[in-house]
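Quick one: the structure is below, questions incoming.
To keep things simple, chains are lettered A, B, C and D as they appear, and every chain counts its residues starting from 1.
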Amino acid sequence: MTILKSREAILALAILALLAVIASRFPAFVTPGNLARVLTDTSPLILLALGQMTVILTKCIDLSVAANLALCGMVAALMDGMGVPLAVILPAVIVMGAALGAVNGLLVWKLGIPSIVVTLGTMTIYRGTIFLLTNGAWINAHQLSDPFKALPRMVVLGLPIMAWIAVAAVALLGLAVARLPLGRALYAVGGNPHAAGYAGISVGRTQFAAFVLAGALAGLTGYLWIARYAVAYVDIARGFELDVVAACVIGGIAIAGGAGTVGGAVMGALFLGIIKNALPVVGISPFWQMAISGSAILIAIAVNTLGRRDPGRIILKQAEART
Amino acid sequence: EPMRIALVAKALGIGFFEAANKGAEEAAAELGDVEIIYTGPTDTTAEGQIEVLNSLIAQRVDAIAVSANDTDALVPTLKRAMERGITVISWDSGVAPEGREMHLNPSSAPLIGNTIIKLAADHLPDGGQVAVLSATSTSTNQNVWIEEMQKVMGDYPNIEVVATVYGDDLADKSYREAQGLMQSHPDLDAIIAPTSVGIVAAAQAVTDAGKVGEVNVTGLGLPSEMAGHVKSGASQSFAIWNPIDLGYSATMIAYHLAKDEATAEPGATISIGRMGEVTLDENGEAAMADPFTYDASNIDEFSSIF
Amino acid sequence: MQAEPTAPVLSLRGIVKTFPGVKALDGVRLDLFPGQVTALIGENGAGKSTIVKVLTGIYQPDEGQIMLDGRPVSFPGAQSAQKAGVTAIHQETVLFDELTVAENIFIGHAPRTRWGLIDRRAMRARAAEILRSIGASISPAARLRDLGIASRHLVAIARALSVDARVVIMDEPTAALSHKEIAELYELVETLKRQGKAILFISHKFDEIFRIADRWTVFRDGAFVGEGAMAGTSEAELVRLMVGRSVDQIYPKRPATIGAPVLTIAGYSHPTEFEDITFTLHAGEILGFYGLVGAGRSEVMQSLFGITRPSKGACRIEGQVRVLRTTAQAVDAGIVYVPEDRGAQGAVKGLPIFQNVTLPSLPRTSRAGFLRLAEEFKLAREYTQRLDLRAASLDQNIALLSGGNQQKVVIAKWLATKPRVIILDEPTKGIDIGSKAAVHDFMSELAGQGLAVIMVSSEIPEVLGMSDRVIVMREGRLAGEFTGAAMTPENLVRAAVGISQQEAA
Amino acid sequence: MTTTTAPRQIPNRLTSPAARALKSWESLLLVVAVAIFLMNAMASPYFLDPWNLSDASFNFTEEAMIAFAMAMLIVAGEIDLSVGAIIALASTAMGMAMSLGAGTPLIVLVGLGTGLLCGAFNGALVAGLGLPSIVVTIGTMSLFRGISYIVLGDAAFTGYPASFAWFGQGYVFWVITVELVIFTIAALVFGTLLHRTSFGRIVYAIGNNATAARFSGIRVDRIRFILFLLTGLMSGVAAVCLTSRLGSTRPSIATGFELEVVTIVVLGGVSILGGSGTILGVVLAAIVMGLVTFGLGLLNVPGIVMSIVVGALLIGVIAVPRLIFKLRT
């Protein structure tokens, strides 16, 4: 009963129902191999949704993640072109993503500019920087080294590394959110910023940390994205930030901050990922995809928000007994 | 004062258009008194292209040669350009006739339509299933080629086109669409991608799915971008016209029209320098040359050029 | 009782703290002694909460010294004050809905495992221990959002005690507690005293201060006015120090002629909040609503004002049936409501005073929907002056006013609509004694002019001092109605607590 | 000297409105606008040409029309990210009307009506069900444009009647375009609505404290609903102009519009958190954006580099004053 009340459980059921519907029309979709493919395909969304979740928990929003991803990915590709080994590229893009996130975080923390304004600005700046770096030129598969392209595709225990990275990030972040003081601070800062100050938690510093984490994940995803699709150009992942926010919203992360779970964010991302992957397979015209994911978002918000409605104070004894 | 010719790309940064720009510069050098303004939006939208066109009109350039993101949406703006005395032609991807003086096709549309299906059919002696991975659903030229392809399907009775999907000229979307094609059509034999972005993504998807040899990727692509995939066998062959020649020819035509050395009317013949000459048909369109097919035998020769 | 203690644990000297435009503290001093309760008294805005925040490292003083055991210290952050053994129950809620009770208690200083992770088992065990010590039967694993307001307050107290403290600060800790819990809090204070802790106790309730404090310190307008032992002082003396003059009448109730029924409520019910509320209100009457905190009075009043929708019941105003589903309908019907939560529901912070006043009267001050500023200033001036508002200008942001003055603006806003019924929900909660008298005086005057007044209050002296008639509520139901000689503290409390419970006790 | 017993007189104001205006965000924007204008005039010989300036106005008029309504919505503490999608859907509806043989007046009505309907849908979800507007409109952004894709797929509507071209390509007087006139009228109407009427006052009250506004007898949800309607309507107007200017409809029309509109509003000094901002600021911000993009366009600077400038401007104009304040104290 209480299990059924949890948002994550509802979402898990929704995902299963979705898979069942798809399987009824196209059984091959639910074979392990294909599900692994869907998971791999959804990995970037999962990684970014995790970062976005921490940011949204602190009452902020990061619209610059996709641009951050694209910039870091391009830098990774350029480094590869200069012959830098992957072992250096990988930490470098993570640090760079974190630094770009830190820029957002600092503007929010030190100057108190609303995050939506900051990241709206940095979104265009980061993406524009790619153009300045490359003059708009594409970097194509043949210009990328083989080890660079191979890492995310390498299959270990039946899953490509790309998917394993997402799985690892989910596990680590799940642990961090539940058990690290900073993880709990995310909820405190988003739930009651005023009170967080009284508990000795700096609101700004926590928001900063969330932006840095989101940035680092975006940087890592940048490399994975470029390596996986084997092409880098200015417009990589344009508009992806809205998918990421949508995944969080579907996953029950409260946009007002302070409420939401890692599991929710992951399932929100999987839900969107399955829809995206299933439409072409099931034979629904791709032109329907946008409307379908829009409707899914709307239904999810309605379920989440209405389900979270304040039940009132329940003063009457008999009413209390009933609930 | 040199003549200023604006070469407007669908979007900046795409290898194909960068190569066309090389050709335009070559033509400018040959002509002597020409300055090329190579520009375009940063994403493939009509709105972005209109803003670029507006600033070109404001600079009173002498000629605009545009590869359009949208056949119709650019027309009002280009009409205004012509009203202000600017020579307007389209190339590669065309504008509706009222929005330009003439249109330079890289090749003739029927020829391209036939080529892309033939490329697939040549490697399917026993017939089979093919699918089309196009650019955006609004790309004029792709739509025309696919239409032309459909017209000649009767010549290939064993070949069945099972689906047409759109990758929007985005690498990731094209990749996913190609994956989807292989999923939903397990017996697929070939993917035809008449777009340089889509063909690379499809080849990558085929490689990643471990279906090299099983699914042949073909269509229109750039040798430099496709070299690896031809060698790996993901693509047996593909075709393209030379974008350098295309930029060169468009510049030449724009120059002659702007100088009033030629008029854009049906039947008119315009010289395009080293490429010879083109003749306008009743729609004011002309075709530059035949598409050229690349395969393992000649890919290395061209992959360093464009 | 105790001998004059030898040395203070904590003492403050010459503390100055300025905010843009306000000097909240102007060179104040304060001494806290081990094993003693020091009461800090002052009007609203005297700077009491500000000194608490200085002491707990939330604010940094501009000038002055903090001395711990005679040695100067500084608290650059909340953690450093905690480490030095200073802990506080703050005036505002400092809790987090999405965290568990244990996490709420230990956030910021949770026990850690070897790996740097939060040691959840240790945290729960210690939380359970602290909760038990204050007699709270709350599960440490419960989510805070599932708790009621009183339990939340107990969690806040447990949070303060989770720090191994030498100095415990309580900023109006009893404001949200019921009788029973207040008694338990007093016991806790005694225990802490016995453990030799120094306690700073801030309250506006004099009975409370006289009951538990050993010493007093008075602030006025951010300045130190005096200090001394409780034993040698009187309420009148403290009041005089606080407001700088003597307040002779806190309950200036004037007799009024009670007229015809204005508002008749029959059988108002709500699925979860209240049931079968029936009463009649007359012109010129002040009807008191008494009950323990959480009895549901605010809920009933808000349903009269169109905020909560009753599921059953009828409302008549001057004999006519009215449906009140929105606040706009209530205002149209002549019912207005001065909410309990001034900050969130009363004042529109960010708008100037005059715009706050004219907000519900815009149809009157504007013409064909277009604003007429001159009319607005006129209306705002008329009503704010009648309430003796203290403000620099009518164009000033209401957020810059003290709580009492904000309350006056909210009342002015409603009087400007010329209502028939005015509902005042805890009109003097958290308001200092001087302003309290002013609000009471005004209430009395309104009733005298024939307005029907409902006053919700949790303070017995206020209810008895101001009301013509008192209705008591308990757990969402009417629990008795008293007039004349029956209006005694015993009767009210008995009805509010429930007779059976009283007998059982 | 008054007698001591008279009640203390509280002055209306301590600073005059003029003195306030001088220190306001709007005067800062005006300075920025003039500076950019002068810089443009110096940088390009083509800038000071009435026809060019008139053409340049298309760079911002459509966005700005929506920005006025969006400004009111943001002042009230809400946001609508679906405006670009509303344009797409309204344009698609107009195309359908046109293909069914409707004349220009009916086509325009269909466009405005679709805008209103979309606004009503957003409004019902936000004001009626109480869902957060930012996520609702992220959802409807996909839904509305998604419907356009379902209807149009890879096709396009073309062949609008010649008289329809007037809205996006016509001139009212000399170089003054129809769009510029609509922009000016919209600025005046929304300026009056927000700053001179009780409706506008209530919008500010809701933006500052919606609960207290409700407790002041204001029908908060109704106002919110109306604001979404207005935003939908103005998106419909923009859809008419843009469709007319492009002479065709594709489902991808006006992609990314929402962010440009929000950028104009925020640059105009409207607090994204609600409660403050002016229409004059939005007008100036639109002009600044128009000047920046046109000026850089004349120098053939690619659009993406312009967007860096706009992004930097957005952060910079807010950050620099705060930074100076921080460094001073």
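Everything that follows uses one rule, which is that a residue touches a chain if its C-beta (ideal position, glycine included) is under 8 Å from a C-beta of that chain, and two chains touch if they have at least 3 such contacts.
All figures in this text were calculated on a predicted structure; none of them were measured in a lab.
Asks: Going by the touch criterion stated earlier, list every chain that contacts subunit A and also contacts subunit D.
Replies: Looking at subunit D and subunit A together, the chains touching each of them are B, C.
Asks: Can you give the whole-Å distance between the Cα centres of subunit A and subunit C?
Replies: Going by mean C-alpha positions, subunit A sits 43 Å from subunit C.
Asks: Taking the mean of the CA coordinates per chain, how far is subunit A from subunit B in Å?
Replies: 36
Asks: Centroid from C-alpha atoms only, then distance subunit B to subunit C, rounded to Å. What do you get?
Replies: The mean C-alpha positions of subunit B and subunit C differ by 74 Å.
Asks: Residues of subunit D that touch two or more other chains: which are they?
Replies: Only 153-154, 256, 302, 304 qualify.
Asks: Name the residues of subunit B that each touch 2 or more other chains.
Replies: Residues 12, 42, 137, 166 of subunit B touch two or more partner chains.
Asks: Please set out, as single numbers or ranges, the residues of subunit A touching at least two other chains.
Replies: 131, 136, 234, 287
Asks: Of all possible chain pairs, which ones touch?
Replies: Those chain pairs which touch are A-B, A-C, A-D, B-D, C-D.
Asks: Using the touch definition from the top, list the residues of subunit C that touch subunit D in their complex.
Replies: 305, 307, 326-328, 330-331, 336-337, 339, 344-351, 354-355, 359-360, 362-363, 366, 369-371, 377, 381, 384-386, 388-396, 413, 417
Asks: Using the touch definition from the top, list the residues of subunit A that touch subunit D in their complex.
Replies: For subunit A paired with subunit D, touching residues are 61, 107, 110-114, 116-118, 120-125, 127-129, 131-132, 136, 234, 239, 242, 245-246, 249, 255-256, 285, 287-295, 297-298, 301-302, 305-306.
Asks: Quick check on the complex: what are the subunit D residues that touch subunit C?
Replies: For this pair, the touching residues of subunit D are 7-15, 196-202, 204-205, 207-209, 211-219, 275-276.
Asks: Using the touch rule from the top, collect the residues of subunit A that touch subunit B in their complex.
Replies: Interface residues on subunit A, with respect to subunit B: 26, 28-29, 34, 37, 41, 131, 134-138, 140-142, 153, 225, 229-231, 233-238, 276-277, 279-283, 286-287.
Asks: Inside the complex, what are the residues of subunit C that reach subunit A?
Replies: 56-58, 77-79, 82, 90, 92-99, 103, 107-110, 112, 116-118, 120, 148-149, 270-275, 294-296, 299, 308, 475-477
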